[in-house]
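Since the structure comes first, as structure tokens, the remarks are kept for the end.
Letters are used for the chains, namely A, B, C and D, taken in the order the chains are written, and counting of residues starts over at 1 for each.
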Amino acid sequence: MLGSGLVAPELDTRWFDPARLNVLVGILLFLGFLLINMIRAKAKGTLYVRPIAGLSALDEAIGRATEMGRPVLYVPGLSDMSEVGTFAAITILSRLARRIAEIGAEINVPCYDPVVMTIMEEATRDAYRQAGRPDSFRPGCVHYVSAQQFAYVAAVNGIMLRDRPAANIYMGSFYAESLLLAETGNTTGAIQIAGTDKVTQLPFFICACDYTLLGEELFAASAYLGREPVQLATIAAQDWAKALAAAAVLAALLLSALGQPALQAWLRVS
Amino acid sequence: MSVFETWVAAFLTLCVFSFLYKDNPFYRFAEHLFVGASAGYLLAVQWQDVLIPNVWTPLLRDHRLTVLIPLALGVMMLARITEKTASISRWAIAFYVGIYSGVAIPGYIQAQIIAQLADAAKPFPSGWGALSAGLILVGFLGVLSYFFFSAPHKGAHGIAARIGIWFLMVAFGASFGYTVMARVSLLIARVQFLMGDWLHLLPGS
Amino acid sequence: MRRGPLLVTFLSGTVIAALFFIPHHKAQEFNSTLLGWTLVVYAFALALGSLSLWENHARKIRTRSEGWPYSLVTLGALLIVTGLGIWKGVAEGTPVGRIYNSVNSPLGSTMFSLLAFVIASAAFRAFRARSPEATLLLLTAIVMMIGRVSIGELMSDKLPGITEWLLDVPNLAAKRAIAIGVGLGAVSTALKIILGIERSYLGRS
Amino acid sequence: MVWARRLLALDRRIIFALIALGVIVPLLLPINLPVAVSPRVRAAFDAVDALPAGSVVLLSMDYEPDTMAELTPMSVAILRHCFRKHVKVAAMTLYPAGVGLGEQALNQASRDERAVRNTDYVWLGYKSGFQVVILGIGENLRAIFPVDGYGTPLDSIPMLRGVNSYRQMSLVVNLTASSAADYWIQFAQGRYHAPMILGSTAVMATDYYPYLSSRQILGLIGGMKGAAEYERLIDVFGNGRRGMDAQSLVHVIVVLLVIVGNVALFASRGWKGGRGVGGVAP
């Protein structure tokens, strides 16, 4: 967690850090899983992925917004580009925006991070283009609010109370603001769907939203919505890795019980 | 804080609290003020803490030409101002996205996967501790199987996932209950500000 | 047109991921240089963002849409704070420092403290024993809430121990599994981006 | 069951009003509920209590206004304890917005215990850069803080005569809501072996239990509750205990609300029906 690089007494001249070998092996293993599953998926044409509660609700939410003639509010939270959850939020937005453009609903995306704003704007604009309705794209629908946490909350709460969106969709990285946003949204009667990889905020979304994508489901959802075999292959690769992780823990425990702590020692983080 | 500043802060505090009753012009004013003031503050901070020391000074005083690279990337970002040149910004975005994806890969594997596995693989303590450690292992495997997407929640996998859901529920209930205290502390601080610093109603204020 | 940016993402991503494994001081220097460049790109993006904020509120004023006078507040605050901050700095004691202490800081902490209220209303509405799982969630939350405060200690001296056990055992088990799942999801997403499988960030879904 | 339906749809504002009362009333009229002391806070108290009169403690108050409710009562309690024991305190902060808070805690504690600035305590003020400052104090305090927070050169402050690094300090106390704690533990304790106690927000506290068992920190004070426990140990009734009354009351209100909600639910349609919580299937 802490870099002690600044205070190193002498300059490091090594070209590889052996203590980080386990990380390298982890990456290579995962890359291998990914390639194998991509080949599998190409050969089969598809891969089974169990239904994820909340994803089907996205369509329902957009449909309702169109019927009611009210906008869909897409809240990426405090997502910035150093959080991978943000990439999932971008992908989900681009798929969602395309559906919204197709059925002629309106979308509003208030952003906390200016870089995320530029990327989300480009993704949304392109989604409208692909849906064949570039003229329906409303400039300013993806907009920057403030990169100060609670100023962002104040503004998004205001949007919810005054524009009365039919659906509030929260995707990405959320911190303490999660419950404030979701509770305000709850009072307006909007359908609320959330997804975050921030474990600490999950209980609050679960309590205040209609559907919540838990942790990893956020990433799975972004792949799932694509429905392309290559995307589904990544979900399968993650499953393989989870199975391996469980097996590694069990094996390490068993081995150290038998007096062989080597595997456990190898897992140690430097 | 001076008396004037205390009164300003107290007024704005009350504006925000008025939101609890319902949306009203005071809250709306505070909200708009907050957005403008914070966006302006952050912009000024970027100017003072990034653009001056990381671009301006090294370029003009130290003549370090490598600074031109990030400067060029930054200017490409600004190309989004008009739609005609907007596509130029893709180069800057591509660089930015690449850097953070690249940082994430080893970072997540180390901090979130291997560190957790290392902790999970620690030998069981003796006595009652072993029971808790066993329960942690069962819960860990259960929740992991809940997140298994390639197979439906049926049979043995279904049972494991069910156990996983129970653990998830307990964990969520515990974090929720645990957080209440921290949130109430925040409110206590604001009430102490209003009743103490502003109105001097509290003992010792 | 998008092939070039994709290559930039691939190169910057793989280079910075590789640097994680190279402790050589030159490599680490380069690592921080690359990260430093992203800071500059961010600063320009923030300027772009502030323009977006300006444009949005200016549009409201131009079209006299509902509540447009509030937009004047936002624009005024944005202009004043940005101007003063660039001119006089943002440190403690400067005009912007004082504005921060009497406007941004109380507004932020009061917004934050609203959580004490909404956490109560969320608990009232959501903690209903509609299913065995929901019952488990609400019981854990109740034990947790009571066990952390003095009144719980008065009721039973075992309660604080139970709350710590809930945090250290079932909560840890669930969080550990979620962390590993999230880590894997993050790594695969980042890999998809570097390998060019996922390109929605360049506007190509 | 009209009453039950009505209760289930209770206006949020009634809940808000109850919470507001739950905080305001105990602050004005303290109930003074007893506080049980945890071994972690007891250990922190013992570490300070064991210091001989005249020894010097470094107190770094690394927090900003958003977490002052939890950490200021801790600062005041520890300062008062030190002053009573005639232990001298060198106080500082690593946060620019912590300057006012640090001074406020010092003023309150010194007024309560009649401690004198520059004799019983010194306010070093703020310096930026966690790593640089914490490591710097290990080598040469005067290089990091040539003057105190009011511009007085350290050499002309009687209390600091002969004190220039952790070696001359008996204890380091860090009160923080951030990763500053990691730096203090890693550098002040790890590198310079300064004995250390830590005070943190309640949310952070559990992350630091491992450091207690490894004895890298001698004691741990977590959140407002920890501050209240410390106040009880030094037998004062400060903002920590006052806050804990409010905490207890609000927690009880929330639990009662949940119970009432469930009784109403049962009365209106029995325990059956409805779907699970959030997107998780029942």
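Assume a contact is a pair of C-beta atoms (placed from the backbone, for glycine too) under 8 Å apart; a residue touches a chain by one contact, two chains touch by 3 or more.
Since this is a predicted model, take the numbers as computed values, not measurements.
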item: Interface with the most contact pairs, given as the two chains involved; value: B-C
item: Distance-maximising chain from subunit A - centres being C-alpha averages; value: D
item: Euclidean distance of C-alpha centroids - subunit C vs subunit D, Å; value: 24
item: Cα-centroid distance, subunit A relative to subunit C, in whole angstrom; value: 13
item: Centre-to-centre distance between subunit C and subunit B (centres being mean Cα positions), rounded to whole Å; value: 3
item: For subunit A, residues contacting two or more additional chains; value: 1, 20, 23, 27, 30, 84, 87, 115, 118-119, 122, 144-148, 150-151, 154, 162, 202-204, 206-207, 214-216, 220, 238, 242, 245
item: Residues of subunit B engaged with two or more neighbouring chains; value: 1, 16, 19-20, 28, 30-31, 34-35, 37-39, 41-42, 77, 80, 90, 93, 96-97, 100-101, 103-106, 108-109, 111, 113, 117, 120, 137, 140-141, 144, 147, 165, 168-169, 172-173, 175-176, 178-181, 184, 186-187, 189
item: Shared interface positions of subunit D, touching two or more other chains; value: 12, 16, 19, 23, 65-66, 202, 225, 247, 250-251, 254, 277, 280
item: Of all residues in subunit D, those that touch subunit B in their complex; value: 13, 16, 19, 23-24, 27-28, 65-66, 68-70, 100, 108, 201-203, 223-225, 239, 243, 246-247, 250-251, 254, 277, 280
item: Of subunit A, residues touching subunit B in the complex; value: 1, 20, 22-23, 26-27, 30, 47-50, 52, 81-82, 84, 87, 115, 118-119, 121-122, 144-148, 150-151, 154-155, 157-158, 161-162, 200, 202-204, 206-207, 214-217, 220, 235-236, 238-239, 242-243, 245-246, 248-249, 252-253, 256-257, 261, 263-264, 267-269
item: Residues of subunit C that touch subunit A when the two form their complex; value: 17, 20-25, 27-28, 41-42, 45-46, 48-50, 52-53, 55-56, 59, 66-67, 104, 107-109, 111-112, 114-115, 118-119, 121-123, 125-127, 137, 175, 178-182, 184-193, 197-198, 200-205
item: Sites on subunit B touched by subunit A in the complex; value: 16, 19, 23, 27-28, 30-31, 34-35, 37-39, 41-42, 77, 80, 86, 89-90, 93, 96-97, 100-101, 103-106, 108-111, 113-115, 117-118, 120-124, 137, 140-141, 144, 147-153, 168, 172-173, 175-176, 179
item: Complex contact set, residues of subunit C against subunit D; value: 91-92, 101, 105, 108-109, 112, 116-117, 119-121, 123-134, 137-138, 141-142, 145-146, 148-154, 157, 160, 167-168
